[in-house]
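Here come two complexes built around chain A, the first alongside chain B, the second alongside chain C.
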Partner chain A sequence: MTGAAALDDKVDVAVIGAGPAGLAAGALSARAGLATVVLDENPAPGGQIYRAITTTPVQRKEILGTDYWHGRELVRELESSGARLATGATVWSISRDLEVAVSHGGRAHLLHARRIVIATGALERPFPVPGWTLPGVMTAGGAQTLLKSSGLVPEGRVVLAGTGPLLWLLAAQLLRAGGAITAILDTTPRQNYVRALRHAPAFVLSPYLIKGLRMMAEVRRKVRVISGVTRLEAVGEGKLKEIIFATGNGAAARMAADLLLLHQGVVPNVNLAMSIGIVHRWDGLQLCWVPEIDRHGNSSVPDIAIAGDGAGIGGAVAAAERGRLAAIAAVRALAPAAVSGLPAEQAVMQALAKAEAGRAFLDTLYQPSADFRIPAGDDTIVCRCEEVTAGQIRANVALGCEGPNQMKSFLRCGMGPCQGRLCGLTVTETIAAARGVSPAQVGYYRLRPPVKPIPLAEVAAMPQPESAVKAVVRR
Partner chain B sequence: MFRRLPEAAGAALAVSVDGQRVEVRAGDTVAAALLAAGFGHCRTSPVSGAPRAPYCMMGVCFECLVTVDGVGNRQGCLVPVREGMLIETQRGEREVGR
Partner chain C sequence: MSTTGDAIVIGGGIHGCSTALHLALRGLKPILIEKDHAGRHASGVNAGGVRQLARHLDEVPLSVASMELWERIADLVGDDCGFKSEGQVLVAETEAELEGFRDRVDELRLRGFTQEELIGRAELKRLVPAVSDTCPGGIVSRRDGAAEPFRTTQAFRRKAVALGAKVLEGITVTGLARNGSTWRISTSAGTSYEAPVVVNAAGAWAGRIAAMLGEPVPLEVIAPMLMITSRMPLFISPVVILRGRKLSFKQFANGTALIGGGHLGRADLDSNRTELDLAKLAESARTVWELFPIMRQATIVRAWAGIEARMPDDIPVIGPSATSEGIYHQFGFSAHGFQLGPGVGALMAELIATGSTNLPIAPFSITRFGSSR
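Entry: the complex of A and B
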């Protein structure tokens, strides 16, 4: 779909995000005859895991791997379903009346839905180490996007640092693409291996086990891997020059580098869901906020479901199954007669359980160390946008500032353009540690629309609904 | 910092970056095009003036903010390049009106 005007229509189901969850939800909902639109701010469908799946210039299939190419089936399912896909469409607000405000083609549109499926996925967990704002430091996911979308491979002295499956996947992909990696600095805490053991039996059933081991072996054959890293700093004047690191309680070592790629897992992207007041809870294992949902993804706000990694990290395969469950719930609510034509809910539930098998093992093994979530050094920047440091946050806790929203008023942390996406978890955990309470007690930023910035002119030019006019015009 | 896979060369088009003509690959986003062309950073921060470069490439970090065709603070990683596009790196705060 390219016509911008079509976004001013009424639809049955509005799906926000065209990653695995959104593609699967949109396809199933449209197949059941519901008028469905799938909105995504990116130029093409796929989300992050299947980024650029329809446009990637990377032709050799083995570079990105077979799991990546599965994404094509999801896009095909959507294309043949009758759902409308709008790319370059940024959702900046949703309301409890199920109005979806979209910026598309330089205009703001108001779409009226009968149900909304939020499938906004995950983002990489903040990695607040000294120097992480320097040019030459970026996320591993960022480098992966450059490879998938543009066929760009890092060159020079490239160092990967952090923990989690994506770090190994990126390393394997870069090597297959002919890239060189100077070193991998593995920050997985050594005690995690012991703690994860009790979850190992369930993980043995996971399809990720063999793949993961094979991938790590492939990388280790070609790259120097330094394990047990407990300290990490990016150093340079105006751009990255070297990395300072240490293992265990050992002395600091230095390593010259042109590019440092950071990663320590992914967390739900909560901004849109929280902006409408969907209830979230602190997940003590995944160390992030997850929405309170039922088996079909229904949230605390009526007729709004959350599917995919935005509902708690489960991976791409689980995301698609969760998308299908959200679609089945939508069909049951809006067109019950059409449910019989859909895949059996029981089968989808079983597929989801299979995809999630052993998740606790991964979550425990790759739970990032407090050293890299709560900066020890006072000078480390926590809020990149407003350049607020960990020391400033702790100093304000000492003055009696007890939560992130009060902290905003004092320090402006979380008030820059990223709206807390890159600092929120760090601010919550830093305050919690300083106060000696749990992150759940500290809470999170109050998020408000617009969740993405849009030009004022677009808002001003929007046709006003009758109720809005009545609210301000005297009769 | 990045090189292009030979198979990914693709069609070229021309944009302007700070008044300088730059050949970029059709299909790239502004942020990817700047990195591919060797631009070390795309803005300086409005707080300390420190240089910043694209960080997440997925629309969440807002480090790749640039002025595109006169509109300030566009997320370079979400905007595909177009022939003749006027891209400006940003220095510090936005001026009123752009």
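Entry: the complex of A and C
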């Protein structure tokens, strides 16, 4: 069941996010008989990786690739499970007593769950190079969203820059959809190839190896690929005109471009989990915050699990398996008798291990260079919402401002509508580098609900709890 | 070996930092101990209202004295603290409420205070054009305004340090013991500090300090909530408050609007964590929705709560301990202590240095809770 029908006030399991982890978790939980709702802010299920899987106008299967269409099975599993899928449902707050505040159908609702599975997935890592805020510069993920949801293929001189599997995937998808790409500026640091070698044996077993090599070969046949890029700058008056880049220690070169698509990997979207104080740690390989969870995804807050890329980047297949593990844990807690009807936990764990094989190889190979994570120039914008530059951040560190929260108070960085999604990691790493300490010591923004902006009118019209209604009547 | 000073101030909020600064201005060497960092809690995340308006009558003299310091804040701390004096307006929502306001303003005049001025519908509309047409008038306090709370607290801290105060952050006081004529303070860092005078300015944690001294107080830990909107066209300069319903409202120069007024979330003293009460946040949003029609288009981007102490009679504890020589209390500001920070810090330093102050602080004595002990 989907659509805008009113949400129930009480559910057994609330799953937040309808990407691979959320779809798989919701399906198993409902199959075991638990009243389950899967909430997603997008108009259709799929998350980022399977975005618009039920609605995409791009119907030629080879364009988006077989891995994309695998998402349909997950949606079917959910649809046949009896779970309620609520799309256009933005969760803006959760609490430790498992109250979920969601904006849906133009109204704010409060629903109470007995378990929550956070499956809010990943975000693209910020790519703060000079000029990255110019019109004509966007993220590869943004371009992929337009392709999947609306079948849009960018025109003109399109340049992709960055590192990571998704950059190559987007290139392949755009080419298959009839698009042209002027060049790919590959920023993968050369030393990463050497460092990744020791993880290669595990990666050889990964299904991603053959697919990845094939895809890269397909792209290289049609596109000029410039490797070892160490400097990148978008230039233009009011809009992108050209890209300045260099490889190794070489001289700067220029390339005219109409559209620059940036990407250097994805990182967990931690805002919802952090907003209720779930314990996170700094991952020195993936260079991001990841929640502390056990093998079922249970977080430091009782009855709240995290599954999928939001619990550490593992990819779509691993995400679905982690969703299943979280669901099995929920069923064991709420309806133990129903566990026997579910897939054996051991089998799910094995599938997960297989999907995760080779992750260390990918993480090492595609670990982005510090040059592209920590702006060297003082004028580069870090916080786009409040237009705070790297230079301002370093100046405040020099004044004794030691962490992102003090930075917020002084510079307002991270206080715009995105709540640090586009700057948080850059701010932490820039402060850490300036202070000469680890990002773990610097910490992250204290995140506040609503984790997504919500109209005041919706909050004002929120149904009042019985106690408040009684208080008014008595008066 | 203990580090010694002339006074130990526990708590790095606006009050502790102000007291440390004023002690240093008198040539004393204070040591300030803060368990997190200065301005981490209520002093850094409050609404920033600098308000004499609508205060408890006993607080009015302190508030007026503090206002004089606010008006030369840049001279005092070397930073203007973002203080802007664009007035504060207490809006009456009904005629009956306005009548009550008239009595209050008369009462203040009898006591010699003129900062509050009764206004009718026309002046209210002139000052706050966006207010709902149903409001018949109010009270304005024209010299009031707002400042940036974290910046202010940091400025006091910085100036205190510049004048010789020692500020220790990330250290929690774990014990207080009398040692002859001095107090010996032990801390979570394993260090200890000695001074003849100790000021308990520990905010929401002040009850714990008082309990260590064997002088328990009926302090309630509260977490007043605030929310902020995305940028709106500029439509209001003064801070607007209500009394019948809970509201404090102001718009920043960048267009974002801050909505507060004392609706409470929940706080946990040990983890520093606060949790919002969404039902009460909704009440807050409804009040704004009704009072300012323009706000019906606004979007809320962030909500939070600070951790603060409230006393049963909603006024602070200021003055010497009733049981321990050399101990002074300065806490329990009950969610309206920011404006008082400069003035109460000055009177506290005066009290410590000279043994007395001309400001009437008897109503704030800790002895008023005698029966509760």
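Criterion: the second predicted complex is superposed on the first by the 458 of 475 C-alpha atoms of A that agree within 3 Å, B and C clash if a C-alpha of one lies under 4 Å from a C-alpha of the other, contacts with A are read in each partner's own complex, and residues count from 1 in each chain.
What we mean here is this: contacts are C-beta pairs under 8 Å (C-beta built on N, C-alpha and C of every residue); 3 or more make two chains touch, one makes a residue touch a chain.
Predicted, not measured: the structure shown is a model, and the values here were computed from it.
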{"item": "Partner chain in contact with A:S149 - chain B first, chain C second, else both or neither", "value": "first"}
{"item": "Chain B versus chain C as contact partner of A:R448, first or second or both or neither", "value": "second"}
{"item": "First (chain B), second (chain C), both or neither touched by A:G416", "value": "both"}
{"item": "Contacts of A:E124 with chain B and chain C, given as first, second, both or neither", "value": "first"}
{"item": "Contacts of A:R60 with chain B and chain C, given as first, second, both or neither", "value": "first"}
{"item": "Partner chain in contact with A:R281 - chain B first, chain C second, else both or neither", "value": "neither"}
{"item": "Which of chain B and chain C A:A101 touches, first, second, both or neither", "value": "second"}
{"item": "In the superposition, chain B vs chain C on chain A residues touched", "value": "B"}
{"item": "Overlap of the chain B and chain C footprints on chain A, listed as residue numbers", "value": "416-417, 453, 455"}
{"item": "Sites on chain A touched by chain C in the complex", "value": "93, 95-96, 99, 101, 108, 110, 276-277, 406, 409-410, 415-417, 419, 448-450, 453-457, 459-462, 464-465, 468"}
{"item": "Complex contact set, residues of chain B against chain A", "value": "1-5, 7-10, 25, 27-29, 32, 35-36, 40-41, 45, 47-48, 50-63, 65, 71, 73, 77-78, 80"}
{"item": "Chain B contact footprint on chain A (complex, rising order)", "value": "41-43, 48, 51, 55, 57-60, 88, 90, 123-124, 133, 135-139, 141-143, 145-146, 149-156, 177-178, 238-239, 258-259, 269, 384-387, 416-418, 421-422, 452-453, 455"}
{"item": "List of chain C residues in touch with chain A within their complex", "value": "37, 39, 44, 148, 150-151, 229-230, 271, 273, 275-276, 278-279, 281-283, 285-286, 288-289, 295-304"}
